[in-house]
Amino acid sequence: MAIRRGRGVAAINYPTGMNLGGDPTQALVHSTPTGNFMVTLSSVDLGQGMKQIMAQICAETIGVPTDRVVVDTADTDTGPHCMGTFASRGTHRAGNAVIQAAREARQVMLEVAAEELEVNASDLETDGQGNILVKGAPQRSISIFDVALSAHFKRGRSISGRGMFLIPRSYPEKETGAMKPSTCYAHACTVAEVEVDDETGEVTVLAVTNVFEIGRALNPKMVEQQLVGGSWMGISHALYETTEPYYPNRDHGGTDFNQYLMPGPGDLARTEIIVLERPSADGPYGAKGPGEMCANPQIPAIANAVFDAVGVRIDTLPITPERILRALKAQAPN
Amino acid sequence: MELRKSYFADQRKDDLHEIGQPRPRSDSPGHVTGKTTYFADRNFPGMLHLKMVRSPHHHARIRSIDTSEAEKHPGVVKVLTAKDVPHNVYTILILIQIGPEDETVLADGKVRWKGEAVVAVLAETERAAQEAAAKVKVDYEVLPAVFDMDEALKPGAPIVNEYHGRNYYLYDSGECRKVRFGDVEAGFAEADHVLEQAYQSSPIEHAPTETTGCIVAPEGNDRFTCYTNTQAMFFTLDNASIILQMPGNKLHFVGGTVGGGFGGKVDVIVEPIAILGAKLTGRPVCFIYSREEEMQISSPRAAETVVIKDGVMNDGRIVARKVTGHTDAGAYSRHSPYGAQKGAGHYPGPYTIPNVWIDTYCVYTNRTPSSAMRGFGVTIGDFALEVQMDKLARLIGMDPLEFRFLNAYRDGDMKAHRQPTEGAALIECMQEASRAANWPVAEQFMAISSYAKGA
Amino acid sequence: MALALHTFPTVKDAGAALKAGGTRYIGGGTLVVRAVNEGDVSISGFVRSADPALSVIRISGGTVRIGASVTMAAIARHADLAPLAHAARAVGGPAIRNMASVGGNLFAPTPYGDFTVALLALDATVSTDDGELPIETFLAKRESNHAIVTAVGFTLPKEGGFRFLKVSRVKPKGVSVLSIATVLEQAPDGTVSSARIALGCMADRPIRASAAEKALIGRKLTADGIAPALAVARDGTSPPTDPIASAWYRNEVLPVHLGRLLLA
Amino acid sequence: MAKVPVQFTLNGAEKAEFIDSGTTLLHALRDKIGDTSPKGGCHQGTCGACSVIIDGELRLSCLTLAEACNGATIITTSGLSERGVLHPLQRAFLDAFATQCGFCTPGMIMAAKVLLDHTPNPSREDVVEALSGNICRCTGYEPIIQAVLTAARSNSQNAA
């Protein structure tokens, strides 16, 4: 019996948003009488934390703490259109729409504050804590609470804004394929270290070092969640998952979590995540979509590591013990 | 996780208040106390349960359907067949003008994959619906089926889907989406080595812990509220509106927190039939996939084959790359024609190659229709590309990481689909990986950047 | 037909109730309730017995009797059954082990039923309301069995005499690629004097590796000593192909894993 | 359809209902009693999302008949926090960012609670074993394992 070690590398990029664009998302923002802000969307939170991120984007843009923003979403009677949560588009598309809506609302808010403070709106700034200050004279200030009350009950202004983000659709040129698939790309490089049991074909992923470039980590803890979970799914895709284990033979598809294989809590690789941020020109605060790409580079990195370990190429996913063992036996001199 | 702020610091403002802050998630307290409301956490008095009678065959003609015994079964309120669905033949991407309509909500005359929906049974209890479903009699004439993409593309293969009339999707560019850049044959002729390799995958399931489903409640004013875990509210509403020939203003979709999606909840499958059931019975209707349905009936990530032929020089430059990709759509299009062409926009990967030829095909076979999944159109391609890169590096005796540095795209480089590269960061990711994983490369590679050469 | 649960004080009464069509005996529920949840409409009634004897573990003088309703968790934590704890823990996750019973495990179809592999190696006796059967006989005809299993009995192996291995893709809880249980006795010089080897997932139900057992007798547990046994380990196997592994793979790795277990 | 009475203690409160015979505890809790914290992820016993604690033991409510729980003491995740104060496990899951879609979370917390009730100072291996019947598709498990280890540490500090 021999346990053989190997390592492999892979580097990838990934487009943000629906391929070829044409996927709009809208947002509405308004203040309540006491200066809290409501973001209204129809986007869906799948667990990646879309609501939280939209709240942070709105808060940053308006100039209030995040806990003063409430996100109301996924209701077609109230929320304006969103193409949907997929294609790594949620943060990028909805985020841009929220920024646009929040800017418009902020402008009204500053105009009302300007009337209250008897200055020009362009001379005002927010402190991020819920106050509006005169630039250079911070002692002259008004709380956003008071501004909202004034807007509602004294000045008859709606502190609100509309946002719409659309990347115009690109149509591929028939003969050359000239097209614009995406406006920005996330990047990754993964190094995987594996052990392969050359008598059984079993692979243990010892470690993955993932470097992800995601534009901007809007909430680093939430980015980490998605990247760690994605790295696990990449390993899972590499070695375990399929609904048709004997494809193209249609038989023996798994119907439960016992038969549909995924790494369990006892199969976890040592996982390192490093994040780089090159802000994208059209991303909300520079963000790109990291949700999909984070599960991709582990797959080829592991395939390459398996080759490095035992000298056989498995070019068919998933890289099962059986495929490795068959390749090892085919390679053996006997 | 570590944020390495030293990279691209010149392009980034780091003085923000809320952005970049690890704020706690507002939804987590609901999750840890079990108070978060998922669509199925609602219960309506008089709610009916919908169970689907599914095809046991991969490909068959339906001679007849007899629902009489099922209709008489105690607790059964309604049994639906194709004739009950106002616009039974549909395709979801018709909303962005990608046709033709090629799929039935309930099978009409034919089934094209094992598991296809044939008859919907609505009953007072789940058990009654299951019992009645077992009493539906469908007389099938089994037809030859095709499962292998190569076989499907051969002349004389059984036609999977008559709405296409051929076993591949016809793009405006013909049988495949094409990218042509430079002269790939000249590149191969010039190359020191040419390596052609084939890669393959099989279908992969999203396997969210919460299965696909919805609950529809009549509002009493001819409107219907659909509580759903779709990933795309209006996309689903608009398709339901077409299928049911019902104005969109009669439909109210409510989502919320979804128990995992990963691309698996963008098909419009459960909602239209459940709304129809609610409309025809005047009762709330619940249609939730069983785990078995989630695993074998809901769309998986497509199986793909990718053949890559590369011309490479001894000094490490890739001078030509030809990629032929086939996406196994299963029996119906769903999102697959879109995914296959997304691959065409993704190849040849994040590398600058002067001569590129890409053909991506979307192929029909008699299996569960595939659709979008995390990394749609790209994941399997990246596997193929990056294993190929490893093989090429070893072929010419170069370190695999250095080989990638040598070919990595940078700002300003023209891509095969004729867009200049912007915002590249591949080189920096590899530099950091080199450090973090202790995989040293020559100093020259640690000194370069993704910014335009000479910039 | 609506479902119903019928509870009877004695096994005999439960047995009588089981004669009605559509009824199934419910132990921990991990097999039968699952089948109903998945739409098996042939089941319309659950039958169980509340007889406390079904939940008792009795050990006297090296003889063990485990009531059919005893759970895997109860076996795993029983101090006197420590040698078997590993095999009991091979079944499911913690919640399943609190439910799954030893009686139910006897009926678990491949690739389940890992504890039954252990019982087979222990040469257990299966008690039913209809009498006692050697486990091999019971397993051979388990589909046609209409009696209620009440207990399993076996003799505790000598210290270190029992070995168990479950190979699964997913850790720590995963379905078996295969499982192996052995009960070996060795002479003072280390040569094997008696051997029972049971295999899981190498057929449609647990089986004995009779050829390998014979080939071990008189041999030492060294690489050379076990080589003849490994060479015949696959004799008589007919493993299934399923989502976990193919028949080919199971056959290929059986001697490898058996060898590792014997040399451990 | 025969209705049968069931009576048990749920999170400290007496519950009595008439249910259809053969109803699973999961359905009884969710549809009759209104405690939707246990989730139905598979109804097969393969995902753990429906995990509850019955008489101190972790059980799958999807495979347990409600009638078999007469007289039992049942705990679900919705009953863990007291007067708005989160249980240390709930707190730890929040702090460790161990929830994403949240669907597996109540079951994970149940499995973790039983572990800590019996093993106040678990090793990582103990935690892995305790969570092994619960599927998570979002997190890759590591944040959940860390949350449970953190909760155990905070418990033992409080006890000290």
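Residue numbering begins at 1 within each chain, and the chains themselves are lettered A, B, C and D in the order written.
Convention: contacts are C-beta pairs under 8 Å (C-beta built on N, C-alpha and C of every residue); 3 or more make two chains touch, one makes a residue touch a chain.
All figures in this text were calculated on a predicted structure; none of them were measured in a lab.
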Exercise. Relative to the centroid of every protein C-alpha atom displayed, which chain's own C-alpha centroid is closest?
Worked result: B
Exercise. Does A-D or B-D have the larger number of C-beta pairs in contact?
Worked result: B-D
Exercise. Where the CA atoms of subunit A average out and where those of subunit D average out, how many Å apart are those spots?
Worked result: 30
Problem set entry | Distance from the mean Cα position of subunit D to that of subunit B, given in whole angstrom | 33
Seminar exercise, completed: In whole angstrom, the CA-centroid distance of subunit B from subunit C equals 42
Problem set entry | Distance from the mean Cα position of subunit B to that of subunit A, given in whole angstrom | 17
Problem set entry | Set of subunit B residues in contact with two or more other chains | 25, 27, 207, 257-260, 262, 290-292
Exercise. Touching two or more other chains, which residues of subunit C qualify?
Worked result: 2-3, 38, 172-173
Exercise. Which residues belonging to subunit D are in contact with no fewer than two other chains?
Worked result: 20, 42-44, 46-47, 97, 100-103, 128-129, 132, 135, 137-138
Exercise. Can the chain contact pattern be summarised as a line, a ring, a star, a complete graph, or none of these (other)?
Worked result: complete
Exercise. Considering the complex alone, what residue numbers of subunit A touch subunit C?
Worked result: 1, 199-201, 240, 245-246, 252-254, 258-267, 321-322, 325, 329
Exercise. Quick one: in the complex, what on subunit D touches subunit B?
Worked result: 20, 30-31, 34-44, 46-47, 49, 76-78, 80-81, 86, 89-90, 93-94, 97, 99-106, 109, 135-138
Problem set entry | subunit A residues within the subunit B interface of the complex | 7-15, 19-20, 22, 42-47, 49, 51-52, 55-57, 59-60, 63, 65-66, 71, 73-77, 79, 81-87, 128, 169, 172, 174-182, 184-185, 187-191, 209, 211-213, 216-224, 227-228, 230, 233, 237-238, 241-245, 247-250, 253-257, 259-260, 262, 272-281, 285-286, 291-293, 295-297, 299-301, 303-304, 307, 313, 315-318
Exercise. Inside the complex, what are the residues of subunit D that reach subunit C?
Worked result: 1-2, 4, 20-24, 43-45, 48, 51, 57-60, 62-65, 67-68, 111, 114-115, 128-130, 132-134
For this session: Quick one: which bits of subunit C touch subunit A in the complex? Just the residue numbers, please.
Result: 167, 169-175, 241-246, 248-249, 252-253, 256-257, 260
